[in-house]
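Sharing a structure below in structure tokens format, with a few things to ask.
So that you can tell them apart, the chains are marked A, B, C and D in the order they are listed, and the count of residues begins at 1 in each.
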Amino acid sequence: MTTILAGDLVQLVGRDHKYRLVRLQPGAELHTHRGMLKHDDMIGKSWGSRVDSHIGRPFYLLPPSLHDILRDTKRSSQIIFPKDIGYILLKLSIAPGMTVVEAGTGSGALTTALASAVGPQGRVISYDSRADMQTLARHNLEALGLEGRVDFRLRDITQGFEETDVPSLFLDVAVPHEYIGQVRAALRPGGFFGSIVPTTNQVSMLLSSLERHEFEFVEVSELSLRYYKPVPERLRPTDRMVAHTGYLIFARPVLEKIAEKKEDVPVEEIQPDGDSTGG
Amino acid sequence: MTTILAGDLVQLVGRDHKYRLVRLQPGAELHTHRGMLKHDDMIGKSWGSRVDSHIGRPFYLLPPSLHDILRDTKRSSQIIFPKDIGYILLKLSIAPGMTVVEAGTGSGALTTALASAVGPQGRVISYDSRADMQTLARHNLEALGLEGRVDFRLRDITQGFEETDVPSLFLDVAVPHEYIGQVRAALRPGGFFGSIVPTTNQVSMLLSSLERHEFEFVEVSELSLRYYKPVPERLRPTDRMVAHTGYLIFARPVLEKIAEKKEDVPVEEIQPDGDSTGG
Amino acid sequence: MTTILAGDLVQLVGRDHKYRLVRLQPGAELHTHRGMLKHDDMIGKSWGSRVDSHIGRPFYLLPPSLHDILRDTKRSSQIIFPKDIGYILLKLSIAPGMTVVEAGTGSGALTTALASAVGPQGRVISYDSRADMQTLARHNLEALGLEGRVDFRLRDITQGFEETDVPSLFLDVAVPHEYIGQVRAALRPGGFFGSIVPTTNQVSMLLSSLERHEFEFVEVSELSLRYYKPVPERLRPTDRMVAHTGYLIFARPVLEKIAEKKEDVPVEEIQPDGDSTGG
Amino acid sequence: MTTILAGDLVQLVGRDHKYRLVRLQPGAELHTHRGMLKHDDMIGKSWGSRVDSHIGRPFYLLPPSLHDILRDTKRSSQIIFPKDIGYILLKLSIAPGMTVVEAGTGSGALTTALASAVGPQGRVISYDSRADMQTLARHNLEALGLEGRVDFRLRDITQGFEETDVPSLFLDVAVPHEYIGQVRAALRPGGFFGSIVPTTNQVSMLLSSLERHEFEFVEVSELSLRYYKPVPERLRPTDRMVAHTGYLIFARPVLEKIAEKKEDVPVEEIQPDGDSTGG
């Protein structure tokens, strides 16, 4: 049975399943709408156990998942949803030890996921032209002890990225189609580019820009997440759902574009995962 | 400009966007339906460049993404789709250095993603009762140099897991509801449990079993991925799509279940990401 | 230009696109949160024109669509959504002059759509065991002048339907699987049966019951309706949507079930509309 | 028990659930891949009964649903799917006795549904500039005995519609945004306009055109239909589905557009059916 220690990040979950994240410090107190909890009463308890506030309201003590942490990101801007982040990490091929570039930093939700995934040997380089956003993101990363893995660049990417030969780069900005030349200059040929935009018009503009800059293997997709009410004898989807977070666009820069031979290219209607074939 | 070296894993992509993965060896040859390529002609080239087969058919030389590798998993069983894997990694909170348990191994697609995500300091412990499946999965991991991160256990989990206090555990088996007692014994309280099943009946049975074994925070969801034809002036979804891969179930074991106070629990219809609140 | 007459049903739409339906009567007044309107000021105006309340708030005068009328159904129970009703009408093959049976009446939304579709020469026979529901439904139909097309049967269908040789029958009840014997006795062989249920468990029970009672050509489906924000230069789906209304089940009774010859039956994965073929 | 008569339209369904529609004529023969059937052997049988071909292959004798008829529409162009047609009929408020205008005729699937819904007292006026399409559509309608309800206009709608004060009008053409002036001239103020287009770019262009021509209450939506495998103990969606048929656009012309008072207009994110409110 693993014991909760001072310095641990704890997810405190009430009976209504709402939660907050707290890093435990000896002597500190946590004040909630459902009463006060002393950190010292939580330190030394087992993970998964229960603690009551001074007015007797119960809470679970849990380690937060990365998913919970991302959902809890303090924000002053729209953040990318975890469902999209999970897919982005695979499409950009993020792994421990890697270097990845993103712009803009925003509130730092994707930055956090990238910093977690690249591990202590990896680097995240994060551009934003707004100092207030980077201050917020830095604060969010510090709360998780991940700030040492991130280089913040307070800079407008209109002037380009400082890096070259970058393996993976993600744009979460309002007009990604205006920066594809700069992306092209920074990315390693064969590298991984991704972006997310909310409107179909932005998708069209980004596609045109990617075409002009010799990108290939362009994929446009959207992910929908539907929850079910977890009742075994009355299983059904929830009544409402998030209908749209954004369109995801992925592409790869190549050195020399191969002209399409139209009759050679099957219209791949479904693009099922696991559809590759040998030569 | 980064150069392709002997020993590198290369994604060779033809004009029809179909690809194969090859590890380059001096002196070797690759035979495809579109002609032969000498590995020596690829070693030393830049990533993203083009190479032609002996009959003049062009191919791109790219580093494969983890997404491409997962899609390409050699299989003798249904594999979990990348869209689901990305979400699973976040929900199970997989990070560099961690230990994670899975059953069954199957063809090893999830095993591969887990092994990549935990990094060289992490461990994946993978159970399967079929030796042929583990042989195939081991072969797939060896092709990627990830086999050193995985401990295979050739064992029926009806007898339980060897591990205890495990932080994260995933079941990809036909009857997960029959193993929840064993999962409970292996998982750390507050740990992360996940599973995927194709039918609603299996979901209901799993939910009942999780209830009996004091799991909390049960989430049932499904992810849909819709592709668009990447044509800027005629943007539209593809005609067909994968309608269903599986239902995802996540839950967490707790030490002492808190009785629900009905009026205290809002019906959370949407469960939007980023919906947490402080106490 | 068509003029609005006394007795016409008018959809009065405010600037916020919320609406109410009113049947115009000389001398009457309509009191709204945005001021009062005299019916006499609306009678004689052209459809599509504007009228202001006594405090100057504008309203459009429009003929209501059947869709608007269904959405506006006064209810004391969940009603079937228009997106589902449209599909049900086609699957049950409802046309002018036909007879159709439904149970239960509920608040009468489907009853209204059926009464409209069968026209003045058709009949809707509507069963419900609750008098209050039928009173409400009758009131709703009277407001539209459609009550003459409906025969209400205040009766529990456990005792069966009075009709036989019915061409189309729809069940919107909590436990449709308990009434399939009664449905079978009422329906003409080759007729059209439909039902809607919210949970997967109900679907499974209904499928078992249909199998026991020699139904064939069973279809289970669900319809999703996603709205877009109608802004030409920023086209995107709305943020949220209705995730689930119900599962639709359709089937047809046959006189003599033909044994399936397994190798003869292709697994029809997609069942695209327009997929029929000649023999 | 209702008996099949000479002149009846029969849906003949084989063991593989594929079907064909046949109008029975004394003395005629039907030749299929599974043997020959004499019409005289079907006339006089009960609906829902079974008949065997001369080589012993079984078929069901069923009345076709309107849904089956629409799916079976002989086509030389893409037809509108039944799921979309059902919704269109409600949104355009089609009812027995009405007049409705459409362009283009195409293969006549929507024409057929409209002709069925307006009944013998109603009229469908159908424009197309291609004689071959109208010939095909007329042939399809004649097979169903519905041709008497349709007026075909062989005419390019660039020159406008002949009708005015039309209650409902649907455009299924490649460039609907080019004809909105003509639509406006034909439609009754407060009438119902609908259209379907496959790409987001067409949606944007149509929205701009509707704005220029004083249309209000613009709705853009898409309907998805997901089928389930009807197996009670293994209920699950089919593996693949139709991902996209088209975007549906509906709008209504008004006489005098009311300026939006921004703070007055709630962003209606979900637009749930049944969301109307009184004043």
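In this section, a residue touches a chain if its C-beta (ideal position, glycine included) is under 8 Å from a C-beta of that chain, and two chains touch if they have at least 3 such contacts.
Keep in mind that what you see is a predicted model, and the values were worked out from it rather than measured.
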| item | value |
| --- | --- |
| Steps needed, at fewest, to go from subunit A to subunit C via touching chains | 1 |
| Chains touching both subunit A and subunit D, listed by label | B, C |
| Winner on C-beta contact pairs when A-B is weighed against B-C | A-B |
| Same vs different contact residues, subunit B with subunit D, by half of numbers used | same |
| Centroid spacing, where centroids are CA-atom means, of subunit A and subunit B in whole angstrom | 17 |
| Whole-Å gap separating subunit B and subunit C, where each centre is the average of the chain's CA atoms | 43 |
| Per-residue multi-chain contacts in subunit D, two or more chains | 200-201, 203-204, 226-227, 233, 235, 238-243, 270 |
| List of subunit A residues in touch with subunit B within their complex | 1-2, 12-20, 30-34, 46-50, 58, 60-68, 70-73, 75, 79, 81-83, 85-97, 113, 116-120, 165, 167, 188-192, 200, 203-205, 207-208, 211, 216-233, 235, 238-242, 247, 249, 252-256, 258, 260-261, 264-266, 268-279 |
| Of all residues in subunit D, those that touch subunit A in their complex | 200-201, 203-204, 240, 243, 270 |
| Subunit A to subunit C touching residues, read off their complex | 198-201, 226-227, 233-244 |
